[in-house]
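So the structure is just underneath, and the comments pick up after that.
Just so it is clear, A, B, C and D label the chains in written order, and each chain counts residues from 1 on its own.
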Amino acid sequence: MSEFGLVALLVGALGLIAIGIAGLVLARNLFRLVLALAVAEAGANLLLVLAGFRQGASAPIIEGGSTLHQVAMVDPIPQAMVLTAIVIGVGVQALALALAVRAREAYGSLDMDQLRARMEADIIAAAGTAPTTSQEAPSGARPLPPPLPSPARIAAEEPSS
Amino acid sequence: MLTRYGSLLFATGFAFLLFSLFIALPMGEPPTLAGQAILNEAANSVGAANIVTSVVLAYRGIDTLGELSILFAAATAVGLVLGGQARAPRPSKEDGAGGFILQTGVDLLFPLLLVVGFYIILHGHLTPGGGFQGGVVLAAALVLPVLARPEESPSPAALAWVEGLAGAAFIATGLAALAYDHAFLTPLLGAGQLGDLFSAGTLPLLYLAVGLKVGAELAKLLLRLAEEGPAA
Amino acid sequence: MIALTVALPLLAAFLLPLLPALARQFLGPLVLLAVAAFGLCLAGNALDAPSVVAIGDFRPPLGIVFYADGVAGLFVFAIAVVTLLLWPCATPNGQPDPQITRKHSLTLLMAAASCALALSGDLFNIYVFYELAAVAGYGLAAGSRTPAAQVATFRFTLLGSLGSLLALIGITLIYFRAGSLNLAHLAELAPSTLHDPLGLAGFLLILLGFGVKSELFLVNSWAPEVYATAESRVSALLAGLISKLALLAVVRLLVLVFPVPEASQLLLVLGMLGILTGELAAYRARDFRRLLAWSSIGQLGAAFVAFAIPGPAGLMAGIAVALHHLMVKPALFLLAERWGGNLAQLAGAARNSPIAAALFVLFALSLIGVPPLPGFWAKYLLLSGLAGEPAGLWWLAGLVVLTTTVVEAVYLFRIIGTLYGHQQGSVMQSRTATTGSGIFALLLVGTALSAPLLAAPLQKMATQLADTDGYVAQVISATITAPQRSGTAP
Amino acid sequence: MTALDLVILALVALLITGALAAMLLRNLLGAAVATALVSLGVSVFFVILRAPDVALTEAAVGAGLSGLLLALAARRLGLWRIEVQQSEEERQC
């Protein structure tokens, strides 16, 4: 591989990172945000493997069962790091998707701006700082409702589906 | 609108900055001080033909332990978020069965995937592959039958036992080294003959634990997300 | 023993879902007690000499080392104690929580990850355990299972992952340049390879990445939302504990690998901005939890400023500020669990719950920095450290700290005024929360009384933390043979 | 410029296109497929960079498993139905 190929790979990795970060900043759909994260992570992984690549070296696997046969090999450490990073990435992705599913079920939307507005309203209502809060509801009881979904939440998700 | 262009500008600038930083580095000729030292001695001291496996399980074994814990934390957190105990997916609207061909195909695939999964896991110290890749195949083997027969999903309790015990086995193997006056996670049982199936000491055992844990964990994640939520 | 502080909680977390119900109750606290004992031992031993263990018996630049100096031992102890005090229990409504085992598992994972963050001497290992603490934190933050918490946690997860991504890119940059991940090895290599714009860019990326959890300016927008929606105990863990451990990881990197003025000034400026934004937003907050969140951002800004001061004096001030915050903030969040969110509804609470109100006054006075309390010593060390530096940015930082102390005093006294006011508000009862924060208060008063005794060990810890040569020698001598240097960086 | 360079260049162009598609496609399910394709492309690069272990993992986890996760989540989010999607995509970039 020539120098040109390596630079092209670098551009590819950084391009993925940039597109992913731009998506993270700009997108408002929760699902799209998760996709943006996946794209950026793929770019970062490529960058990391690129950092261990050596021209004309072979994969870090000894063939033929002899340790005497020494050939130049690429750096195994970044590869081990990327293995770790890929698995971490998929774990976080599953968690983010589960949160998105619940947010959609509760608020009936996938739009980050709408969701934040609803969340803001809920926080204010829970803290009782809004003037509408009634006296019979103690302020501290509201932030931690019982874990069962309340009828209001089930009703909220109906119109969307 | 202004913030939108600002963000785009920021992302482009960030990429350009990174490019100018990385292009100054010796592309294709990295210094690799630690990496080269590992390449020089891994075959003799650890005995795995696949040096990446040596790094993942021996030199940086505790990273792998952390990684398993992250996957466990993510699966636990998904359980916490989605709530309750995992339930079997409802039979789909076309009345359950995904058709004769799908069922037969899955019946044939299931043992095949299991064998391939375990093969990949147990040869992880010799060839490319290992616990993570094999674990994904195992997870696929566990989840595929659910597509054909939604009522026959693997029991969540069994998956929990497999993942808990596999994780404990990894740590226990590490702790066993303490009993022999070694540091935590030192590979035991000697390096063996390079390239043999029974070589690299406890590494294949560790990879087996990793594979089972990853397989159970990922199957759990997939099954939880495959549940028919109230909104779907 | 060093590795056990990480391995035992992990083992317990893996096995917890499989155990019978009775054993589940006791395993976690027992393991944490053991970790606390280990932490005390480590801290005690480290005052003579820090100990090093090479995980897997591989010599350091190849394998991963855990390095236990005084600060690490102290933090391991603090992690175990604080986690024990904030151990998840039944919901404040008194109902048993069906998800409690999952929460216990996640809390144990978080404790293990925090211990590893305090001990680890390897850059990528720090990243892995930072991620573990982060993912466990996401799970716990969503654990109150309200829709608002789930939205807040989604943003937290994305921001945290973006931070981890930046940190990973930073680590890639440093590895590409220096060819090693071991902090001691990097400390040796740094003068010739990393003290240039490239290395500093790597440091900036890692700082921003780990800054997400330590509530650094620019990447802290998750904090007010998450702290307002998560369970108070979880907020207390995140604000009190995890932020400090992320900070400690950054400080180790700063001291060992980047002891250059540019890196310190970066920390100083970001810390100053953190203090200003945090305290001013706290002044405007009308919600108790969000007030605590913003004030936490301000406090951590002060810790960043303190750690930016080069030399042992700055490190000592930083440790003092961090430990003080570690005691006060969880206690205040426990009071928030008791009192709920609205500040206006706290009116006259002192009559219903005189003890809790008195505790609040104690913590507030310490936060402001009234003399006999530990908060005073923390601020005193910080200001005297800043005064010892040349004029300019450093003195400006001192001025910022002094000015915001006034702001802090104003908003805290406003709450005290409400608490002891004549109006009547409605207040929740939660006995365990008061007990928990009472224990923190005892710790605080104990620290205040023994302040002269604590100064010497603290000084020793700061000196150890600052001793780069000692760290390198200790880690490299832990090897069986001297590390082989195959070629130098081109 | 060797043949390998040309392959790399073509793949880089494909990857960037795929990433842009993942960010800009109106259809979120299509965007998820594009993301999985990006992972697949990256795993080809790992083979070229002499990292077979990583390539296998990226293909299995990044493309296969994460694609499956995305598809399942998309189903639970109701993104498989076109009409729901359009109403929710109105103001999406």
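Keep in mind that, in the parts below, a residue touches a chain if its C-beta (ideal position, glycine included) is under 8 Å from a C-beta of that chain, and two chains touch if they have at least 3 such contacts.
Computed from a predicted structure; not experimentally measured.
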**OP:** Could you work out which chain's C-alpha centre is the most distant one from the centre of chain A?
**Re:** C
Original post:
CA centre of chain B versus CA centre of chain C: separation in Å?
Top reply: 30
Original post:
In angstrom, rounded to a whole number, how far apart do the mean CA points of chain A and chain D lie?
Top reply: 14
**OP:** Just give me the whole-number Å value for how far the CA centre of chain B lies from that of chain D.
**Re:** 20
Subject >> For chain A paired with chain C, centre-to-centre distance based on mean C-alpha positions, whole Å >> reply: 24
Subject >> Residues within chain B bordering two or more other chains >> reply: 4, 18, 22, 25, 29-30, 32, 34-36, 38, 50, 52, 59-60, 63, 66-67, 70, 73-74, 77, 81, 83, 128, 132, 218, 221, 225, 229, 231-232
Original post:
In chain D, which residues are in touch with two or more of the other chains?
Top reply: 51-54, 57, 61, 65, 69, 73, 76-78, 93
Subject >> Residue list for chain A, restricted to those that touch at least two other chains >> reply: 1, 11, 15, 17, 19-22, 26, 47, 50-53, 59-61, 73, 77-79, 81, 83-84, 86-88, 90-92, 94-95, 97-102, 104, 147, 160-161
**OP:** Examine which chains touch each other and state the graph shape they make (line, ring, star, complete, other).
**Re:** other
Original post:
Which of the chains touch, listed as pairs?
Top reply: A-B, A-C, A-D, B-C, B-D
Subject >> Complex contact set, residues of chain C against chain B >> reply: 3-4, 6-7, 10-11, 13-15, 17-18, 53-58, 61-64, 98-99, 102-103, 105-106, 109, 112-113, 116, 124-125, 128-129, 131-132, 135-136, 138-140, 142-143, 145, 150, 169, 173, 176-182, 185, 189, 193, 197-198, 201, 483-490
**OP:** Sort out for me which residues of chain A touch chain D in the complex.
**Re:** 1-2, 4-5, 8-9, 11-12, 15-16, 19-20, 22-23, 26-29, 31-32, 34-36, 38-39, 42-43, 45-46, 49-50, 52-53, 57-61, 73-74, 79, 82-83, 86-87, 89-90, 93-94, 97-98, 100-101, 104, 109-111, 160-161
**OP:** Quick one: which bits of chain B touch chain D in the complex? Just the residue numbers, please.
**Re:** 4, 50, 52-53, 128-130, 132-133, 136-137, 139-140, 143, 218, 221-222, 225-229, 231-232
**OP:** Could you pull out which chain A residues touch chain B in their complex?
**Re:** 1, 3, 6-7, 10-11, 14-15, 17-19, 21-22, 25-26, 47, 50-55, 59-67, 73, 75-81, 83-84, 86-88, 90-92, 94-95, 97-99, 101-102, 104-105, 147, 154, 157, 160-161
Original post:
So in the complex, which bits of chain A are touching chain C?
Top reply: 17, 20-21, 24, 30, 33, 37, 40-41, 44, 47-48, 51, 77-78, 81, 84-85, 88, 91-92, 95-96, 99-100, 102-103, 106-107, 112, 115-116, 118-119, 122-124, 126-129, 133, 135, 138-147, 153
